[in-house]
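Letters A, B, C, D and E mark the chains in the order given here, with residues in each chain numbered from 1 onward.
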Amino acid sequence: MKVQSNRETEDSLNIEYTDTVGQPLCDDPKISTRNVDVFYADNQAIHDVSLDIGAHQVIALIGPSGCGKSTYLRTLNRMNDTIDICRVKGQILLDGHDIYQKKQDPVLLRARVGMVFQKPNPFPKSIYDNVAYGPRIHGLTRNKAELDDLVEDSLIKAGLFQEVKDRLHAPGTGLSGGQQQRLCIARTIAVQPEVILMDEPASALDPIATAKIEELINELKENFTIVIVTHSMQQAARVSQRTAYFHMGRLIEVGETDQIFTNPSHELTEKYITGRFG
Amino acid sequence: MKISLMIFLLLIFAAFSYFMARQKITTAYRQHKSKHKILTLPKYFGYVAALSSLIPALLMMFFLQMVEEPYINHEISSFISSSQFDDNQDLNLYMNEIISADTPEKVAALSAEKQQVHQRYMEIQTTTDRTQAVIVLSLAILLAVWAFKKINTDTPARRVFERIVEGILLLAASIAIMTTVGIVFSVLFESTRFFGEVPILSFMFGTEWSPQTAIRADQVGSSAAFGAVPLFVGTMLISFIALLVSVPLGLMSAIYLSEYASQRVRSLTKPVLEILAGIPTVVYGFFAALTVAPFIRDLGQSMGLSVASESALAAGLVMGIMIIPFVSSLSDDVLSAVPQSLREGSLGLGATRSETIIKVLIPAALPGIVGGVLLAASRAIGETMIVVMAAGLAANLTVNPLDAVTTVTVQIVTLLTGDQEFDSAKTLAAFALGLMLFITTLILNVIALHVVRKYREQYE
Amino acid sequence: DGRDYISVVGSSTVYPFSTVVAERFGKSTSFKTPKIESTGTGGGMKLFCKGTGVDTPDITNASRRIKESELTMCHENGVDGVVEVLIGYDGIVVANDINSHDFNLSRKDLFLALAKEVPTGKEGELVANPYTTWNEVNTDLPAVKIEVLGPPPTSGTRDAFVELAMEGGCKAFPWIKATKAEDKSKYKTICHTIREDGAYVEAGENDNLIIQKLQKNPDALGIFGFSFLDQNADLVKGSMVDGAAPEFETIASGEYPVSRPLFFYVKKAHVSEIPGMQEFLAEFTSEKAMGEEGYLTDKGLIPLDEDKYMKVKTDTLELNNLAL
Amino acid sequence: MNNTDIVKQSLKKRYFKERLFKTMGMLSIVTAILFLLLLLTDIFTKAWPAFIQTRVELTVDLNEADLGIDAQSDEQAIMSADFRKPIRAALLNTFPEVTKRKQKRELYSLTSMGAEFQLRDMVIENPQLIGTQQTIQFMADDDVDAVIKGTIDRLLPESDRRVKNDKLGWIETLEASGQITTGFNWHFFAAGDSREPEMAGIKGAILGSLYTLLVTLALSFPVAVAAAIYLEEFAPKNRFIDFIEININNLAAVPSIVFGLLGLAVFINFFSMPRSAPIVGGIVLSLMTLPTIIIASRSAIKAVPPSLREAALGLGASKMQSVFHHVLPAALPGILTGTIIGMAQALGETAPLLMIGMVAFIVDIPQSVTDPSTVLPIQVFLWADSPERGFLEKTSAAIMVLLFFLIAMNAIAIYLRKKFEKKW
Amino acid sequence: MKVQSNRETEDSLNIEYTDTVGQPLCDDPKISTRNVDVFYADNQAIHDVSLDIGAHQVIALIGPSGCGKSTYLRTLNRMNDTIDICRVKGQILLDGHDIYQKKQDPVLLRARVGMVFQKPNPFPKSIYDNVAYGPRIHGLTRNKAELDDLVEDSLIKAGLFQEVKDRLHAPGTGLSGGQQQRLCIARTIAVQPEVILMDEPASALDPIATAKIEELINELKENFTIVIVTHSMQQAARVSQRTAYFHMGRLIEVGETDQIFTNPSHELTEKYITGRFG
C-alpha cells in the first residue's frame, strides 16, 4: 500500500464532470435509474445519475462523505418520501415499472425493496416479534405455525438462529451490535423482498461482527439483489461484484469491482481509491 | 329503544360487516393466489366496511336524538290543548313528574289528568323509539350491504382507512381552535354589553378601579370607576414577584438536579418537588395570609417601613413557591437535553462546572427555560385563591410590593360571585376582564413564539 | 329523565342556613336532599330568572331583596309567580382579637373612620379622610391605627354595612342629612363611599380567614356575620355599636343597629311539579326551623318576631305572589 | 508569566465560585423541600383530630308508646317516628337535676343532631329493637368532641369559653362514668357532606373527584395524544396548523376561571347538559388540561429516535402503522408525565367548577357522572368557609385526602412510566 | 492495492496477547502512560497500556471500532472524570507529574491538555465569543485589545480567519461543518495548551474540509504536541509521525508511521492495515 502525504489543493478537484465512466447499464437490470436528480429544497444532492442494478448481484456504492450515496440509495425504495423537502426527478424502474408514478403505493414498494440501516435499529420488542413484524403487517402467513417457520427461516438465513434460538422472546435490544444488525437483516429478509438496500450496515460494528455480516451478504446474493453503501473500500472489495463511485452528487465511474479497485479509469476514482482523500 | 342498546346493536352490525368484508377479500385472495405479491391485509377491508356503515348510522342516530325532544314536545302539547303552555319550559316542567314516573306506584300517584298524558307520552315514546330504531338500523344495514358489494381486492382499503383515522386526528387537533372560539363566544356578548355602559378606552386606560356602585335598586351608587390598569399592574406586580422567587429557586434546583446530583437523588427529588404544584391553592392561601403576611408586616414595621397587612409581597412569595416545579422540572428536562458535546467542549477547555453551566448550558437551553418560565408565568397570572386570601382586593395602582394590590382573575371571581344584579356593570366587567386577559395572553404568546423562533433560527 | 331533587342556588350568606334545613329535610323525609349551590345572590338571580323548567333552579337564596330589574327579567323569561320568603336577619358585627382593646363605637365613629371624605367643622365642606388612628376620630377610643378588614363592594354584607352603619353615622351631621332631600345622589356619595387608602382592607368573603387574620393582627377590626362571632367567641370579641353589644337578643330586638334581612325566592310554577317542594317549604318555615328557638337560631340566624313570622309562614304556604 | 501560572492564580477564586454555585443549587432544593415539609406538617397536625371521633354512650328506652310504632310497623312509619324522644329521655335520666327549658336545650345538644337518625336507621334495620332497652354509642356533638380533644381549653374563664360551665360539668361527669369514648372516625370516609362537623364526611367529594377525573382522563388523554400525533407526524406546514399551534400554547395560559365561563355558556346553556355534574366538570377540566398534555406529548413524540420510524417504514409499514405500532409505545412514558402534571392540576382546581355549579351542598353520594356532586378542593373550600369551628380539622383532613389522591395518582403514573420505559 | 475477499474466521483472531510490539517509549516524552487500565463499571475497556507521547510530534491512534482509542485519549486530560462509572488505574505523567494524583486540578490540566472532538461542537455564541471563551474564563488577557489580538491570532493559526473576519460576531453554529471544526481547534489553541487531543476530528467532514484540517495539524505540530484518533489509515499516514495500533483495549503495536503502514510487525496490525477487517 502506497502512503501519500502530499495533497492536491481544493482547486485541482474541481474537474468538469462529463458522463459516467464505465458501464452504468447492464443486461439483466432489477432496477434501472435514468437521469435521476434529487433535491433537498433548492439544494441538488444528486445530479443526473443513470445506473442499472443487476439482478442477484451485489453492487457497492462508494465515495467521500456527503457525496450522495445514501440519498441515491433511499430513492430506490422511496424512503426519501419521508423527508418533506426532498424531491426526486428522473425515472426509476423496478422490473420495468416506474416506482414514482402516482398509482404506486410506497408501502408495497418498500415491502419489495427492503432496507437495512447504518445503525442497527431493532424495535424495542422481542427478537421473535422483531422478525414477525413485517410478515404480520403484510399478512404473509396464514397461521402461527407458518409464522414460526418463517421467523426461524429468516433467522437462520441471517446466521443468527443458533445464537438466539433459546431466547426468541427476549428483547431484541439486548443483543450485541453485530447481532442486532443481523437481526435487522433477518427482519428484512422475512418480508421476502426482491431487493435489499444496505446503508453502511457494518460501520458501527467491530471486525468480528463485520466479518459475519459480510459472509451473510455473500450468501444472500443467491436470492436477493443487494445494493450496499460503504465507506470502507476493503469491504466493497470483499463483498461486491460491481462498484459505483460517487462524487459530489455525481456518478463518476461504475464497473466490475476488481477493475475499479485495481485499475480505475477516472482520475477522481483513482485519487479516492489510492487514499489521497476520504 | 335505549341509546346504549342502539349503539350496541350498531357495533354488532359493524363487527358483522367487518367479518363479512374480510371474509370476502380473504376468499378472493385465495382464488388468485400469487405468492410473491404483497397484498393489503384483509382486516383493512373489514375496517372500511365497518366504518362506512357505523359512522353514518351514528351521525343519523345523533341527529334523530336531537329532533326527538322537540317532536315529542310538539305532540304532547297538541294532545293537551296547546294553549296551556306558553313555551317548552313550562311543558318540560309539567312533564317532569310524568317522565320520572317509571314505576306503577308513581304512575298511580299522578293526578288523573297527568295519568292520561302519561299514557299518551308512553305511546309517543314507543313510536318514536321504533321509528328511530328502524331508520338507524336500516341505514346501517343498507350501507353495510352496499359496502360489502362495493369492496373488492382493488379497493385501496388501507389508504381509505388511514385517511379516516387521519381525519379523526386532525379533528382532535382542531379542538384547540374550537375551545378558543368557545371562550371568545362565551365572554363576547357580555363584554359588548359592558362596553355599552363603560367606554372601552376608559376601561383599558383608566387608572382607577373602584366598583362601589350600589347593589340594591333603592340605593344610588357612590363612586364607580372601571379602569383596568390597576388590575393589570397588580397582576404584573404579583406575577413578577412570584417569578422573582420561582425562577432563581427553580432554575438553581434544576441545575443542581441535572448537573450535580446523582441519578438517584434526581429521580427522588423531582417528583417530590412536583408535589408543590399539586397542593390546592387554598392551602397556600391560608399559609400566605396567616403566616407569611404577618411575618412580613412585623419585619417591615421593625425596620420602620410601612407595610400593608395584605401585601403583594406575601402573595407573590408564596405563589412563587407554588410554581417552582414548573420552572425546575421543565428546565431540568431541557438542561439534560443539552448535548453532552457542549458540556465536554467547555470542560475540555478547562472550564469549571459552574462556568460551563452559566456560560454554555444555560444559553443553549434558553428557549426551553423560557418556555418553562412562560408556563409558570401563565400559572401565576391565572392564580386566584392566594391573592384573594393574602393580598386582598384593594385595587391600588402601585408597584410597591409592600402595598396591597389585586389581580384580574381575583376581580373576575369576586365580581362573578357577588351579590350585585347580573346585568349590572360590575358583573359584566368580569367578562370584559376575561376577554381582555385572553387577548393579552394571546398577544404575549405570539410574541414569545416569535422570540423563541428567532432565537432558534439563530443558534440551531 | 326527570329531576327528583330540589335545586337551590344563590347567596353564600344564606347558604349556611339553607343547607341546615336541606340536610334535615333530606334525612327526615323520603325525598332526596336538595342541592344547594353557593353562587352569590347575583349569580343566583341570574340562574333563577333564566326561565322555568327542570333545568332551572327552583329556589334562589338572597342576602338582599330581589331588584325590580331582576323581577322584570324573571317575568320576561316566563317566571311569573315568585314567592318571597324572609327567613330572618343576619347581624353584621365589628370585632377584634379577644385580647385586644375594647371598642365602644358609635355609627358616627364608623362613618368618620371609614368614609372616603369626611365633613370638616364647616358646613358643606368635605375633605379626604384624614384620620389614621381611632382616637383622632373620637378621643374615647383607643389610640390604635385604623385598619378594618371588610367585604368588597360586590358583597351584600358590605352594602348593608354601608347603608346601616355608615349612613346612620352620616346622618348625624345635620347638613348632610339636609342634602338628602335636595340631592339624593350627592348624599349617597358622601355617606356610602368607603375610603380606599388602605385603612379599609377589602378582604374577600371568607369570614374564617378574617377572624384568623384578626388574631395575627390585634390592632385590626373585622366586619363579618354574627354567626361567625357566635362560633368564635373565644377568639374574637364584638365591638359595641351605639351602646349595644352584638348579641343574639340585642340584634333580634333591633337594639343593635346593624343587621340585614335574608331571603329566599321560590318559583311558584315548580312547587307542584318538583317532588318535595311543598314539604321543603313547610320544613323551612316550621317553628322548629325558623322559630324563635328553632335550629336555625343555633346556627346564628336572628329570628323574625312573632307577627312577621306568622305572616311569612302563611304567605309561603299559600304561595302568595311577591309584590315589590 | 506563563499561561499555567495565570490559570493557577485564577483557580482559587474560580473554585470558590464553583462551591458557592453548587451550594446555591443545593440550598434552592432544600428551601423548596423545607417549604413543602412545613406545609405538610401544618396540614397533618391540624388534620389528625379529624380522624378521631368522640361518642357518648347512652341507654335508651325504645318505648312503643313514646315512639308510636311497634315491631310490625312498616318503614314509612318508622321513618316518621320521633327518635329524639328516647335520646332526650336518656339524657334527662342521667342528669335529673336539669329542669329549666334553656338548660334542657343545652343538655340535648350533648349528642349530635345525627344521633336520632343513627337510632332510626338501627331500628329500620332491626324493628325488633322496638320495645327494648339498648345501650348505644351516639355520635357526640362537635362541642363535646372539641372539649375531649382539647381544642376547647377547659381552663379558660367561662366568659371566653364556648362551652359553658354547665355543659362542661355534664361532659366531665359522663367522662368520669366512662360514657364518653373515642375511636377512629370511619364515618368521615363513609358519609357525604353535612352542616354538622361531626357528621360531615368526604365520601361524596372523593367520588365526585373520581368521576370528574375519570371523565377528564377519558377525554383529554386520547384527544391530546391524537392531536399531538397529528401535529408531530402528519400535519403539513401551513397557516392553519400554525394557528392551531398558537391556540394550543395560548390555551395553556388562559386562567382557569375562563374555562368555567366557557363551560357555562357552551355545555350548560347551549347543549343543556346538567349543572353540578361531574360530566360537565370533567369536560371543562379536560379542555383546561389538553394543552399541557399536548405540549408534553409532542416533545415525547419528537424525542423518539427517527431510526425507529425508518425501521418500520423500511419494512413496508405505512406511516400510520409505524406511528401506532412503534412511535406511540416509545413515547408513552413522556406522554404519561404530561398527563400526570395535567391531571394533578385538574385535581386541585376550583375556579372553573364554580361557574358550572359544583360549589354546592350535596349530601347524597353521587352514583354516576350525571349526578350532582362536588370535588375535593371544593369541599375544602366550602368547609374552610363554614362558621363551625369543628370544620377546621375537617378542612385539613380533606386536604390530606386530596394529597393522598394526588400521590396515589402520581405513583400509578410513575409505575406505568417505568413499565413502558424501554432502553434502546 | 491488493484485494482480499477471503476472511479469517472469528477464532483465528483470538490471539494470546503479549507485550506491545515496537517502541512504545521514547526519549523526550511529553506524556508518559504506564500500565493504564480503564474500566467502565466492571467492564475493562483498556488493558495495561504503556505508551509515551513525544513532545512536538503527532501520534495517531488507530484500530477497529470499539477498541478503546477514544477511551485512552480521554484519560490523557481526565475527560473521563465526567463519566460516573469510569475508573482509571495506572500512571499517567504529564512532564513527569502524575495527573491522577489527588492534588492535580483537572481544570488546570485541561487548560494544558486541550481537546477537539469528533463532532464539531461550537457553543451557541458568536465566533468571537467561542474563541474568547477559554481566555476569558482563565483570565489570560488583561484587556479587550489583548483579547482581540489573541482571538485573531488563534483564528489565523486555525486557518479560519480569512473566511470569517467580516462576521466575527455572527453565531458560530452558522458555519459549515469544516469551518466549525476549525473554529473548535481555534478555540482550543486560544488557551495555548501544551498538548492537543483530537478524536476523529475529520470523520464528519467532506474531503475538502478534511484536507484543510490535515494541513492545519501539520502546521500545529511545530508548537504543540498532538494526539489524533482516526479511523482512516490514509489520514493517519498523512499527518502522523508515530502510529499506535489498538485492538480490543490493548495496545498491539507502536512505531514510526512509515514503518507501521509499510511493514507492520504484528499479525493483527497487518491484517488491519491490509484491510482484512475494519
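Quick notes on this structure:
Methods note: a contact is a pair of C-beta atoms (placed from the backbone, for glycine too) under 8 Å apart; a residue touches a chain by one contact, two chains touch by 3 or more.
This is a predicted model, so every value here is computed, not measured.
Taken together, subunit A and subunit E share the touching chains B, D.
The central chain of the assembly on a C-alpha centroid basis is B.
Two chain pairs, A-B and B-D, are compared here, and B-D has more C-beta pairs in contact (counted per touch definition above).
Using the mean of the Cα atoms as each chain's centre, the chain most removed from subunit E is C. Note on chain placement: the centre of subunit C and the centre of subunit E lie 83 Å apart, centres being C-alpha means. For this pair, subunit D with subunit E, the centres built from the Cα atoms lie 61 Å apart. Put simply, the C-alpha centre of subunit B and that of subunit E have 55 angstrom between them. Centres computed as Cα averages put subunit C at a distance of 30 Å from subunit D. Residues of subunit D in contact with two or more other chains: 7, 14, 316, 318-319, 354, 384. Under the contact definition stated at the top, the residues of subunit B that touch 2 or more other chains are 38, 158, 286, 350, 352, 355, 416-417. Shared contact sites, meaning residues of subunit C that touch two or more other chains, fall at 12, 39, 55, 205-206, 209.
Touching subunit C in their complex are the following residues of subunit D: 76, 79-80, 105, 109, 113-114, 117, 152, 156, 160-162, 194-196, 272, 274-276, 354, 357, 359-364, 372, 382, 384-389, 392.
Residues of subunit A that touch subunit B in their complex: 105, 107-108, 111-112, 137-140, 191-192, 194.
Interface of subunit B with subunit D (complex): residues 38, 158, 162, 165-166, 168-170, 172-177, 179-180, 182-183, 185-187, 248-250, 252-253, 255-257, 259-260, 269, 271-284, 286-287, 321, 324, 328-329, 350, 352-355, 357-358, 374-375, 377-378, 381-382, 384-385, 408-409, 412-413, 416-417, 431, 434, 437-438, 441-442, 444-446, 448-449.
Residues of subunit B touching subunit C in their complex: 86-90, 92-100, 210-217, 219-223, 285-286, 289-290, 293-294, 297, 308-310, 388-389, 392-396, 403-404, 406, 414-424, 426-427.
Residues 7, 14-15, 17-18, 21-22, 24-29, 31-33, 35-36, 39, 42-43, 222-224, 226-227, 229-231, 234-235, 243-259, 261-262, 264-266, 287, 290-291, 294, 316, 318-320, 341, 344-345, 347-348, 350-351, 354-355, 376-377, 380-381, 384, 399, 402-403, 406-407, 410, 414 of subunit D are the ones touching subunit B in the complex.
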